[in-house]
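In this document, chain identifiers A, B, C, D, E, F, G and H correspond to the written order of the chains, with residue numbering beginning at 1 in each.
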Amino acid sequence: MRRERVRDLLARVADGSLGVDGALDTLSAEPTESLGFATIDHHRALRQGFPEVIYGAGKTPEQIVAIASRIAERGDGVFATRLSGDGAGALTSAFPAIECNAVARTAYLAPDTPPEVAKGSLLVVTAGTSDLPVAEEAAVTARAMGCEVARLTDVGVAGIHRLLARRPMLDTARVIIVVAGMDGALSSVVGGLARVPVIAVPTSVGYGAAFGGIAPLLTMLNSCAAGVTVVNIDNGFGAAVAAARIMHA
Amino acid sequence: MRRERVRDLLARVADGSLGVDGALDTLSAEPTESLGFATIDHHRALRQGFPEVIYGAGKTPEQIVAIASRIAERGDGVFATRLSGDGAGALTSAFPAIECNAVARTAYLAPDTPPEVAKGSLLVVTAGTSDLPVAEEAAVTARAMGCEVARLTDVGVAGIHRLLARRPMLDTARVIIVVAGMDGALSSVVGGLARVPVIAVPTSVGYGAAFGGIAPLLTMLNSCAAGVTVVNIDNGFGAAVAAARIMHA
Amino acid sequence: MRRERVRDLLARVADGSLGVDGALDTLSAEPTESLGFATIDHHRALRQGFPEVIYGAGKTPEQIVAIASRIAERGDGVFATRLSGDGAGALTSAFPAIECNAVARTAYLAPDTPPEVAKGSLLVVTAGTSDLPVAEEAAVTARAMGCEVARLTDVGVAGIHRLLARRPMLDTARVIIVVAGMDGALSSVVGGLARVPVIAVPTSVGYGAAFGGIAPLLTMLNSCAAGVTVVNIDNGFGAAVAAARIMHA
Amino acid sequence: MRRERVRDLLARVADGSLGVDGALDTLSAEPTESLGFATIDHHRALRQGFPEVIYGAGKTPEQIVAIASRIAERGDGVFATRLSGDGAGALTSAFPAIECNAVARTAYLAPDTPPEVAKGSLLVVTAGTSDLPVAEEAAVTARAMGCEVARLTDVGVAGIHRLLARRPMLDTARVIIVVAGMDGALSSVVGGLARVPVIAVPTSVGYGAAFGGIAPLLTMLNSCAAGVTVVNIDNGFGAAVAAARIMHA
Amino acid sequence: MRRERVRDLLARVADGSLGVDGALDTLSAEPTESLGFATIDHHRALRQGFPEVIYGAGKTPEQIVAIASRIAERGDGVFATRLSGDGAGALTSAFPAIECNAVARTAYLAPDTPPEVAKGSLLVVTAGTSDLPVAEEAAVTARAMGCEVARLTDVGVAGIHRLLARRPMLDTARVIIVVAGMDGALSSVVGGLARVPVIAVPTSVGYGAAFGGIAPLLTMLNSCAAGVTVVNIDNGFGAAVAAARIMHA
Amino acid sequence: MRRERVRDLLARVADGSLGVDGALDTLSAEPTESLGFATIDHHRALRQGFPEVIYGAGKTPEQIVAIASRIAERGDGVFATRLSGDGAGALTSAFPAIECNAVARTAYLAPDTPPEVAKGSLLVVTAGTSDLPVAEEAAVTARAMGCEVARLTDVGVAGIHRLLARRPMLDTARVIIVVAGMDGALSSVVGGLARVPVIAVPTSVGYGAAFGGIAPLLTMLNSCAAGVTVVNIDNGFGAAVAAARIMHA
Amino acid sequence: MRRERVRDLLARVADGSLGVDGALDTLSAEPTESLGFATIDHHRALRQGFPEVIYGAGKTPEQIVAIASRIAERGDGVFATRLSGDGAGALTSAFPAIECNAVARTAYLAPDTPPEVAKGSLLVVTAGTSDLPVAEEAAVTARAMGCEVARLTDVGVAGIHRLLARRPMLDTARVIIVVAGMDGALSSVVGGLARVPVIAVPTSVGYGAAFGGIAPLLTMLNSCAAGVTVVNIDNGFGAAVAAARIMHA
Amino acid sequence: MRRERVRDLLARVADGSLGVDGALDTLSAEPTESLGFATIDHHRALRQGFPEVIYGAGKTPEQIVAIASRIAERGDGVFATRLSGDGAGALTSAFPAIECNAVARTAYLAPDTPPEVAKGSLLVVTAGTSDLPVAEEAAVTARAMGCEVARLTDVGVAGIHRLLARRPMLDTARVIIVVAGMDGALSSVVGGLARVPVIAVPTSVGYGAAFGGIAPLLTMLNSCAAGVTVVNIDNGFGAAVAAARIMHA
């Protein structure tokens, strides 16, 4: 159960609109639920502020829908990533209200109680057009977690004036996510210009010695701008969760 | 110049205790200064909240002292990392008040105006005793940047009850830094238990297929707990700066 | 020939139900048999307790059926792994009684004499739903070798309470196989909680810096819990054979 | 506390030779103990059958002696690995009865109650003379855990008759540890000849494309003999613990 | 022009059956010929004993046929490797007499003058059935270069008796090619048993930590049997040419 | 805008054929233009002598056409690389005059003002036929940037006389690009023979231990001929731009 | 012999100041000279514009002096790199006029005829102070080859204004060498700002995931600024030779 | 025992100069001998034509002398490689007649019966002076095995005329060993020029992206000259044994 729903429940008990027994029933649902092929962690929402997210890769459409159904039954929102077309289709059939994003390869069904609104705004910066799917995954994830999102697209360092021209955006963000493939150099420049937390996401964009994202990953880990942190290659989702951890603190 | 000093200066102009010309002189110092072998970025403190830090590796003691002198002359604090014994010795001779930390291999000279105090407390968690030098580098850095620091040492996952027994510490921290070598698994467990930002530092502790820290680096990048971010191997300094960016926001 | 069949043969000679000459004929079959493209090791069953297993990858359906036929002719059970759909289909046509498992990609035809029953129970633990095919390969293999199998699914360390809640299962198993991709951290936690032999199987589940299973492989090789052993990436079969070696000793 | 000591304690309570209060005092000692730089897991012995082992690399002699003292105070045996000469010297000064093994780089102080005797015998096979330090680490560790150890040395596959001539040793062992560097091929041959569990330890012996042990590590992970399991490069200790887990089951 | 053809030509001049002018015309053909997309090295046959071989990968069927035509026009035999189905089809249409081998993915058109017969016999040994395509490429190449070829198939070290039973074959060969994937251990055992030159070919057979042939490549480079040489992964062709260099010396 | 167009514009203002206001309008177009998914750097042509090039990989046909349209509207030439068939088709539909090169996978639409002609001639040397697509990308790119191009094809070092026979071409070129896969050795030989700048392009041609171009990349980086510089694997485009930088200086 | 000396010789023959026989003697010196452990390429100077350079690593001081003596005897200048202290000492003893540079680890003895002066100026840009030895090697090499050298030091992208403030230097150079370790990002920014050839030199400065220079090497190979070329890690010498090839064209 | 000694023994029995019993005693010595830390394979000489060679790395001087003594006692020659100064010293003390080679790091004590003389001559070609220790190891090894050795030193491809000038040496050798570090390109050029077997030895000479010999190793494995075989990095010994296998066939 989402933290917000528990707070709401307790408030309704406090004001008498919900009886103790009814609240007890809702709360006493098992924290984990076994589906044979999956063990759902229903208390993750309470513990971490967002429900268990469904990682779509390697799961069949049937498994995805089954997990989503159990989460949705509790009124927690459903969020799925790395969806194939089949996976997205199956979710749409099962949950007509679910929002699928083809670029980000995500699906989102809002919870009964809207997520707590985070402080400040997240800025997602991308080096090139080919980095957009990863950036979109980050943006969609952050919104599902209650964060406001702004974007700055295709401002790679080969034309540094594109970034410098938009520098005020770096100063007003509360957290910045930098998404870049190839040389990954954008994260060092942004990290040097900004005061706020900078989370770098290497992408598998590139060829040859980009080695599927190893090149920008190493660039970002070795950033000469101190205090830049890094997530896995193409992991827009993880970067957004890290940003949400900061913005909800 | 540190942000705090500029604010202080402007306050003194406002209350008449400092004349406009004197303030102008102080402010008009060149933002960068060239020493031939180095170009000091004096405005970094103003831009990012802490002055340029001296990375000791690959610099001679003479170069280190020369850079430190220029920074110290402006009243900005001096902070140096990765110091050899010679480097630390040279700094101590030049600045008797400087504090050298042999485990962390750092030196710190407080600025004229103390750094702004960060919100909340940083928790530095280590998997094993051999990870302590990296953890110490993180702790010393964070303190120099105005952050309060708590520690939880030698709580690797081979004896998971050691961590579970101290779980309240995970709940009260504002940011958690996890320092681990070998399997690096501690970051995933902490990332799953805590709500707050978790920054993982892989260390070069281990042998064989630890490959000088590659093993825990990969573990941390692939953490199954969402939202864990990672810095370079043995980069306690960078983790602390990232934490300070969050805690000063 | 399986050890059990030889023992049975000798018993029948001892009690007079089989003549010496008939027994001799059966035993004098060549220990290896050449098919041109393969040299079958018929004595492996006698030497190691299970017959030569057919590794389906890189073999044509015709080759697979030809090898299986020679093994089946001797009454030894047939076991094949890494089967493509075509390979499984060809085996089903040739041996209607064969059991194909689509998730594990295996086929199994029971031997004339059932395999010796192993001591104790094997527990197969998986970190996530996407690890199931590898876990299933392990479970099916172990059963074919006479081992009883229990399962614990989707108990990755991001929600550590899912594992802790089922701790008694770790205490009653005779051998534990841990199947995990991504960070592979589950093996260290299980290795620290359990007294019994723990065999870790890294899987190719994950993306980016998981590098097709290198990340969990390194995690497992560097496990801070002493005494965890490791097999090849996605090698559920090998883990099960190792477990059977232990459980038949 | 070692399992054996707890059993002994309970037996003495049962026969009246120890009062309930005295037993309680002994048992109520904290399961973990913090030394600032280390958190000792005193219950590991009870949980896993052997006390926490001190990994000497990366620890100062002072830290090693401090940890050893706390473990020894409880009557649990002390076992330390990867000791430098200084570390071994400091332990010898502190514990005159401790046995240091210069080849294995270990130190061992027997517990008050001898360890439970394991079933069967462990065979440690080495490919070459240069692999002996790792094999010795395995042998010393296994003995400290109550296992009987036999050895077969310098029987690499370049002269396969050396191994074949000693084949009966492979048949009578309960567990076999194969220690090999360079091509690591010995583990596949032994794995094919033996029925019992085979644990392979790659060593960093070799040069050039041996890459510090990567070559034999990969050989062993890809062993064409099914059911061979692998530990980290040079990890004789871990192989022995895995063997002890099997032999104490 | 093949060496044999030049020798034949000279002999015919010597015995008067060919006039000097006719011989001159044949010999004076340009040693290299440019097709725009290729520069054919017609003198390679004279220099090295076999004509330029067409590496089919990365060439269009049209390019392959064009190169083959120029070589064939001179009476030198055509030999092509790594042919796609389309490439083989185009060659068959252009040269009805050409022999295509689907397993080896080669095509061969005999030269006007048969190749010189090499001394002794080549033995091609394979570890498993899946290694056959590479072994077949080696065998077909060696035959095209005048070498007699024997085979020993599926004698991997997991069942070492399969190899030991055929040991006389190792003693009578003049050169041995060992083809093996996965652990690649067979080359060390053969290298230790045989006196003659042993050329090892790693194959991409295997999965996971076989890394597309890196594992057996490293095994073979680190062979504990001295004097084993190695060629590229899956390079049956190169191994056969190396054998032919030896057998024609 | 291309440098040439700006110069032309100014000349027309100088001779009165263009009014000041018209020139101003043309010049005052925004230097960068945002399309949401891309930020076009219109000043790159002015700054670097050629307009922003469209990297086709990872962009949809719609995105490619949209970017091309904005560049074309300004009269700057359009140049696109790494085009899929769909991308090339979409460009051809949108710009009937565009020249698509199927081997190089490029498309080129000439600018209103032809590019400045570079000094001297570029020589593109290839080791084998399979390297032609990369060589062609280099040649087409260089021509679009005003460079004259000569070619020397299939002169790999296995037949060194093919190169030596054409040595005068090495002496008359102003810059040489060497394109080679597999062993990449051609760059060292050319680098030793030529006085002029040599730019080496490793290709992904090869198999096995060529590792998708890593082998020739390392060869080229370690060239024993001093002064050879290297670009990314398969990066014919980058090599040509580097050559154009030299030839336009 | 250096090209300049040959030209000078011919001029003296032309004006009668040198007889034909004397010129012949000088010219007829063997182009290569064997010292047993080395084969000196005396014609390299004539062919490539500078004499054979002595790579000091892996040579004994005696070997270095012996080679230098033969080159010096012909009046060609001596240039040695990667000198140990012993190597530099031996050269100084043998050639008192030689100039040793301790930072660059080079030694230089001017030739009888000064080298041809190159066109334009070379700019050597470094990211940090620790990159200076590599930059110095480049600068000293370029000067020995007749190039004028300017420097821009410690302008890494973490403080991008340090570089932007010196932008005119980028516009007036004829060639730019960028020397950077850690993230190597400086080369992309310089490549995007400058029109002229940019040669990137990765350095082994850094730790952890910098992997001894692999991180900046990959960054530079994947530079998003087109036309940046790269040399080996720490290869300041090679970058300077490449620059000299350009500047002498 | 060496093959030659056995043949000699039998001849003496045949001509009556040695009694049957004496011959029997000599022959009946155990084929393997255990020293505790080593198992000597005395029959290797008989099986493979040369006695077991002592690999000095990782063995103590005492172990080396002990093994050498047992081999020497039988009249077989002693050959040791990779000797430290201490190892060589100990051997010299024990066997005053032993020949130590400091460059090759070998020691050789001739057998009672000189080795059979091989057919033809071995040519050892080196790319640079720094490759000499590896080349020397090859030359010394080959001589100990009865092969005549010629040398061609410092003929790397950066000055290709040095090699071309000595081409007749390539034509008269029976086997060629090419020793090269850095780009390793020499093996491809020699492989293309020569008809005879070419064995390539990569060396660890170089820096940066030479990666301790990986660069030339990959070059050699990918040689565009067909039929070049490769041994481990710096393995001059192995190359010589491979050559001896060919030359004794």
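Basically, a contact is a pair of C-beta atoms (placed from the backbone, for glycine too) under 8 Å apart; a residue touches a chain by one contact, two chains touch by 3 or more.
This is a predicted model, so every value here is computed, not measured.
Touching subunit F and subunit G at once are the following chains: A, H. Counting every residue number used by either copy at the subunit D-subunit E contact, over half are found in both chains. Of all chains, B has its CA centroid at the greatest distance from the CA centroid of subunit E.
Should one ask which of C-D and A-F has more C-beta pairs in contact, the pair is C-D. Measuring from the averaged C-alpha position of subunit B to that of subunit H gives a distance of 55 Å. The distance from the centre of subunit B to the centre of subunit E, with each centre set as the mean of the Cα atoms, comes to 61 Å. Taking each chain's centre as the mean of its C-alpha atoms, subunit D lies 39 Å from subunit H. For subunit G, residues touching at least two other chains, in rising order: 128, 158-159, 192-193, 208-210, 214, 217, 221-222, 226, 232-233. Chain pairs that touch one another, listed by label: A-B, A-C, A-F, A-G, B-C, B-D, B-G, C-D, C-E, D-E, D-H, E-F, E-H, F-G, F-H, G-H. Residue ranges of subunit D in contact with subunit C, taken from their complex: 47-49, 53, 120, 174-175, 193-199, 217, 221-222, 226-233, 237-239, 241-242, 244-246, 248-249.
Contact residues of subunit C toward subunit B in the complex are 127-128, 156-160, 182-185, 188-189, 191-193, 206, 208-211, 214-216, 218-226.
On the subunit F side of its complex with subunit A, the touching residues are 31-32, 34, 36-39, 41, 43-44, 52, 55, 57-59, 63, 67, 82, 202, 204, 212-214, 217, 232-235. Subunit E makes touch with subunit C in their complex at residues 128-130, 132, 153-155, 158-159, 161-162, 165, 205, 207-210.
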